[in-house]
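Below: a set of structures, written as structure tokens.
Consider the two complexes below, in which chain A is the common component and chain B and chain C are the respective partners.
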Partner chain A sequence: MTTVEKISASEKLVSDFEAVKKTLPENSFVQNIRQKAIEAFAKLGIPARKNEEYKYSNVQKLFQEDFTQSAIYNPQFTIDKYLIPNLDAHIIVLVNDFYSEELSSLENLDKTVVVSSLKKAFEKYPELVEKHFSKHADISSDAFIALNTAYAADGIFIKVPDNTVVEKPIHIINVISAKENTLFSPRNLFVIGKNAQLQIVETFASIDLTVNVISNSVTEIVVGENARVQYYRVQNENENSQHINTVSASQEKNSHFDTNTVTLSGGWVRNNLNIALNGENCETHLNGLFLANATNYVDNHTLVDHRMPHCESNQTYKGILDGKATGVFNGKIFVQRDAQKTNAYQSSKNILLSDDATINAKPQLEIYADDVKCSHGSSTGKIDEDALFYLQARGLGIESAKKLLLHAFVNDVMQTIRIEALREHLENLIHKKLD
Partner chain B sequence: MAEQKDILEEHIFSEYKYGFTSDIDTETAPPGLNEDIVRFISAKKNEPEWMLEYRLKAFRHWKTMEEPRHWPHLKYPEINFQNIIYYAAPKQKATLNSLDEVDPELLATFEKLGISLEEQKRLTGVQSNIAIDAVIDSVSVKTTFKEVLAEKGIIFCSFSEAVQEHPELVKKYMGSVVPYTDNFYSALNSAVFSDGSFCYIPKGVRCPMELSTYFRINTSGTGQFERTLIIADEHAYVSYLEGCTAPMRDENQLHAAVVEIVSHKNAEVKYSTVQNWYPGDKNGKGGVYNFVTKRGICLEENSKISWTQVETGSAITWKYPSVILKGDNSVGEFYSVAVTNNFQQADTGTKMTHIGKNTRSTIISKGISAGQSNNSYRGLVRINKGAKNARNFSQCDSLLMGSKCGAHTFPYIEIKDKSAVVEHEATTSKIGEDQIFYCNQRGIDTEKAIGLIVNGYCKEVFNQLPMEFAVEAQKLLAVSLEGSVG
Partner chain C sequence: MNEMLSIKNLRAGIEGKEIIKGFNLEVKAGEVHAIMGPNGSGKSTLSNVLAGREDYIVSGGEVLFNRKNLLELSPEDRAREGLFLAFQYPVEIPGVSNINFLKTAINEIRAYKGLAPMEAKDFLKLVKEKQALVELQGSLANRSVNEGFSGGEKKRNEIFQMAMLEPTLAILDETDSGLDIDALRIVANGVNKLRSANRSFVVITHYQRLLDYIVPDFVHVLYDGKIVKSGTKELALELEEKGYDWIKKELVEA
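Right after this comes the complex of A and B.
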């Protein structure tokens, strides 16, 4: 009997690249980066649990099945269903990683603001794209950044020119659908100029998903000098979907960047949020909320890299876990030698509702400058019995008292969402979920 | 500023007090590690067959293991395990009946260290409160107060002696808390461990004095691999102290110890360490690599284990004294002050594993980094499924002195039971300028003010140390940090 040694998933992804390469847009600049990226991926491989960054995430299990890389399948659907009620926004729709102009509506958007597919942006704005593409998400730092950089066919490119305020939020709807196991690799690049302002809401939806899909996305965001950017991500998805999302933001001096990552559903979600503070006086706020049940897996990894003095960062992540769900919070505050006068704060709070649920928290501080104020806190517990008793004493039933307390628990993260329609929408979703 | 600089320089040039070498006749094994060396060590110690088997099993397992390199926040050159001498012992008669037979040079060594074995002898019969087991290089040289302790049924002797005289206890407990498969260094230790202390407190006995082991590396090129086993039977209590020093040498010496503690029903073990191995010179040359596995298990209900450590020495410290809280209502504590200066690196913390119901753990860790050192806290709190009403509180503070050092916190929190309440807090900052200013205003000079503030900062941990040790620790801290504020 002969045994055929099965090649590992990483090796397969590397060897598949030769074929996939031909279907990808031709451009010597990108081709070069792609080649480097696949080499970096070949070196890194799909991380094992021995890798400290993937200690709690069994990503190798995700890749046990075979996946195709290019999705040719185009689903039929109407976009109305995926809109957020009462949210007056510019709509961008991506179907299976590709920008769909028909479904998007950008009529009232300031003409100086550029929205295009990344593929087209390479042709139309080569200088700008080449300046930033793959400059903020480092291919050598993470296998999935490398994999995305090699495989990404398309995504969205947004450019807000200097001194421009985009009044209405931009809502990006990612729709995916597949007939066979598929690996998606969307790639986005947002460049926000000096003194500009922008709000982005990103949501994810899947249609009739009966097969396994992995979406490995990378978004690079450049926040220019004195710019203000808010970036909200809502993950409320099908149980079959598996997400590895990387957002790498880079902030110039005096800029503000706020992010909110709200995960309400999804089979397997890993969010990597990397923020580099490249200028003085930057302020960054990272907020996150996750509600998980069944066998959901939600993993939030954050890295705030303080490179310059006088910056401030603030993180609040909250999680409620029920059923057999597993939640992970891994936050790192990195303060480099020169980043004196840094103020950094990090907090992770979690509630477990079931004995089968698990939470793993790893709030980390890595500090090389002395004149700093850095602190973190993490707490995990059950619903406060005294508070519960207090409410019951005032005539509330135990179930509604619990619900009230859970709403109160998530409230401070909800309050950081400054788009009212979005907040209301999320509150409704959370309400339903907690029922 | 100029004044501060002077203070800083003064400290940088301050010498390691225990850096002398002693000229003692020693017997050493050739450098290198293979099965023959393991057999040689075992034969030297006249060990029974089962002990040798255990060592060989550990050695074979060790060969399959990898050095833990990827996760600790430490940087050091490759260690060549074949260049180390695994056995070094002062030449002496097989058995010592009294202190008079001990090599006078050896006694002088301990005299220099401030541990007078002679004085200990003279004090016998008089109320004294510390019994000492002195370990030099690979061998325990003398255990004091054995007779007094024996009256109470307490066994306190060297590990080698325990293997000969109390094999049933050693067999039962050795490796039950830290199996040889546990990690790279515990496997290495299990294969080549030389000596250490053994302590057994019988049922219902409260040990009347502090038990103490004093470790000293002397011979050049040697590693020290000691093994300590402490067992507190039901309702027993013991407080155990450990101190260590080494001579100044240009080479890096390896110290890979294993400490196991077993605490039975209602028993309590308090383990305090003042670790002051040679930290290397101001350029980071030399110093001891301290790779230690320490773990205790609260085996039955209402038991308690408390670790207190003051870590000021070693070029590299890799050490996580842990508690497995298996019995219901058991308590685990960890109090730590870790000081790093010059090029020292420390990656230290604890692991609290909650298995039993109503188990509680407290972690207080104070890190102080100065010079170009890196000081990391790495700790795990794990609440297993079924560990109902487990409670943990952790606090990890770091103090930075000077702008070239680093302070890091890596807590791991893993919770699988909904009734658990776990809190973790950490802060990193430098000494408040307003605090120093306030002291200056009241006529306290900057150096004293810093001493005052740092002592206050570490007070929660020092309070846990036995009296004699607390005084020593405060002095040690003062020496380690003398004015090293930038």
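Right after this comes the complex of A and C.
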């Protein structure tokens, strides 16, 4: 009698790597990193709930099924329906993680700005890419960073040279489609030079998805000295999608970095946002908004690492949860010993529209400097009954009164979106979602 | 004369405690009734019950508003039928602009009556005209509802909303409390300009002072959940002079 031992999902991902790596574009530099990454993943494994960072997320359940790692499938579609109305932007399209030059349109983009597939960038700009690839998203810190680093076939590379202001936003549209269960591993690197300025809008779309897909993405962003970068992500996918997104940004001195993470639908979403303040006088704003219902799971983990003095970080996350949805906000702030005169502020506010919805909000402050100002606040409650009655007493029906109050609740996060067409688009989406 | 509001033997309370204990009141079109009473007599409960606040439970009696059973209507339908409550404590609603809120309110009331939404330019004209009535600055109208308003501004905003919504019956719940004399004059002046043969007011107050400016047709004294004395404006003066203890004593003696 022979016994077949069922191997774990983690073990399978490690053993699959041997076959997958032959299909990946390689030079010895990347090969080396990939090898280290899969070893790191083998050590970390898919996190169990006893892992503090994943205690609310049953991530092992996602990997119960088998997944293929490369989708050799080209869906037919037109890009128009994924554009944002009235948004005058340069368009970058990725289809199943691969940069599609024919669907993208970058006609009027300053010629000195580099947009290419990451794969190509390894060949064309080895020095720059090797300087930053896998330097900001630490493979030893998180299993999914490690997994992505091992498996990532492609993604987008953007380089904005010093002193260059990109006038129009760059809109990155990620399109995925698959005929069998697939694990996607997109990998992006954005390097923004000294005194440069850039706005990025990233959206996600899936086409005719009837199978299980997991997208495990990693984006590394380098915000150069005195640069200004705004990064907006809109997650508005179907209820089957499962996303683990990691954004790891490093800021150099006097830089400003604003992020907005807006999650309007999606089955299972985990966002890891890690920001390292590596120079003095940096400013970083992390704003987030999520609307979840049914059995949606939306998890935002942020980490702001204050390493240098005179920096400011500001976080406002707001969630509206209905049905049996679960939300998580875990905000970690490190203030290192050298980071004197730090201002760090964090706020998480949530409204639960049903008794079965849950929110787990956890602020974590670790402060090793003595001359700092840090504050955090979290509140969760139902819709304000007094305000509701006040509006009803003026003739507003209960539904439109609720809607007005929920719009008001998210308003301060919406106001941080500085691209008007994007803000209007989101307001419309939110309006529909609240109906 | 046209009966606008008719309250018969109303009993109501909150959290199992009866506060209104057999309250009667008849208000005809165009009349101004003042209801005065000491703290705890049931003034706020009365206004909350009439506006339809869910927490308050009606245990008996009847309220007819323009011959409709008011107690069966939702709070919004009461407003749409022409009832207006000026809140004792207007609620601050951050993120909702006064103007946006009023536009929504007016259009929902119009929809209830089968009317098309108001044209934007007519609405703005109305805002301008009614703002002047309570000397409310334009900037306040554009701000979030009551957010960061002073006490006086909040009460003026209540009257401004009333002017915009043009109710047939307005209940002013201690609108004068906490106002200085200038704010009081502005508020009262606004109310007086809105007085008409088709519009009635129930003015609930603790102090006689307001009634120097909004002169009532009738004054009622509310005590322990019911009206214990009714008269004309002279009754208010008497109350001011003798205090509520005079009423209490009279009741004990009777």
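Here, the second predicted complex is superposed on the first by the 432 of 435 C-alpha atoms of A that agree within 3 Å, B and C clash if a C-alpha of one lies under 4 Å from a C-alpha of the other, contacts with A are read in each partner's own complex, and residues count from 1 in each chain.
In this section, a contact is a pair of C-beta atoms (placed from the backbone, for glycine too) under 8 Å apart; a residue touches a chain by one contact, two chains touch by 3 or more.
In this text, all values refer to a predicted model and were calculated from it rather than measured experimentally.
Student: After the alignment on chain A, I want to confirm one thing: do chain B and chain C clash, or do they fit together?
Tutor: fit
Student: One more residue to check, A:377. First (chain B), second (chain C), both or neither?
Tutor: Touch partner of A:377: chain B, not chain C.
Student: Touching A:22 in the superposition: chain B (first), chain C (second), both, neither?
Tutor: Once the two structures are laid over each other on A, A:22 reaches no partner at all.
Student: Considering only C-alpha centres, what angle arises at chain A between the directions to chain B and chain C, nearest 10 degrees?
Tutor: After fitting both complexes on chain A, the angle is 70 degrees.
Student: For A:369, decide between first (touching chain B), second (touching chain C), both and neither.
Tutor: first
Student: Return the chain, chain B or chain C, that is in touch with more residues of chain A.
Tutor: B
Student: Figure out whether A:337 sits in contact with chain B (first) or chain C (second), or with both, or with neither.
Tutor: first
Student: Quick check on the superposed pair: does A:432 touch chain B, chain C, both, or neither? Answer first, second, both or neither.
Tutor: So A:432 meets neither chain B nor chain C here.
Student: Please give the least Cα distance, whole angstrom, that chain B and chain C reach in the superposed model.
Tutor: Nearest C-alpha pair, chain B versus chain C: 13 Å apart.
Student: Residues of chain A that sit at the chain B interface in one complex and at the chain C interface in the other, please.
Tutor: none
Student: Residues of chain C touching chain A in their complex?
Tutor: For this pair, the touching residues of chain C are 51-54, 74-76, 78-80, 84-85, 87, 90-91, 93-96, 100-102, 104-106, 108-109, 112, 144-145, 161, 165.
Student: Given the complex with chain A, which residues does chain B contribute to the contact?
Tutor: 70-71, 73, 385-386, 398, 400-430, 486
Student: Which residues of chain A touch chain B once you look at their complex with the stated criterion?
Tutor: Counting only chain A, the residues touching chain B are 50-52, 337, 340, 350, 352-382.
Student: List the residues on chain A that touch chain C in their complex, please.
Tutor: 384, 386-387, 389-398, 400-401, 404-405, 407-409, 411-412
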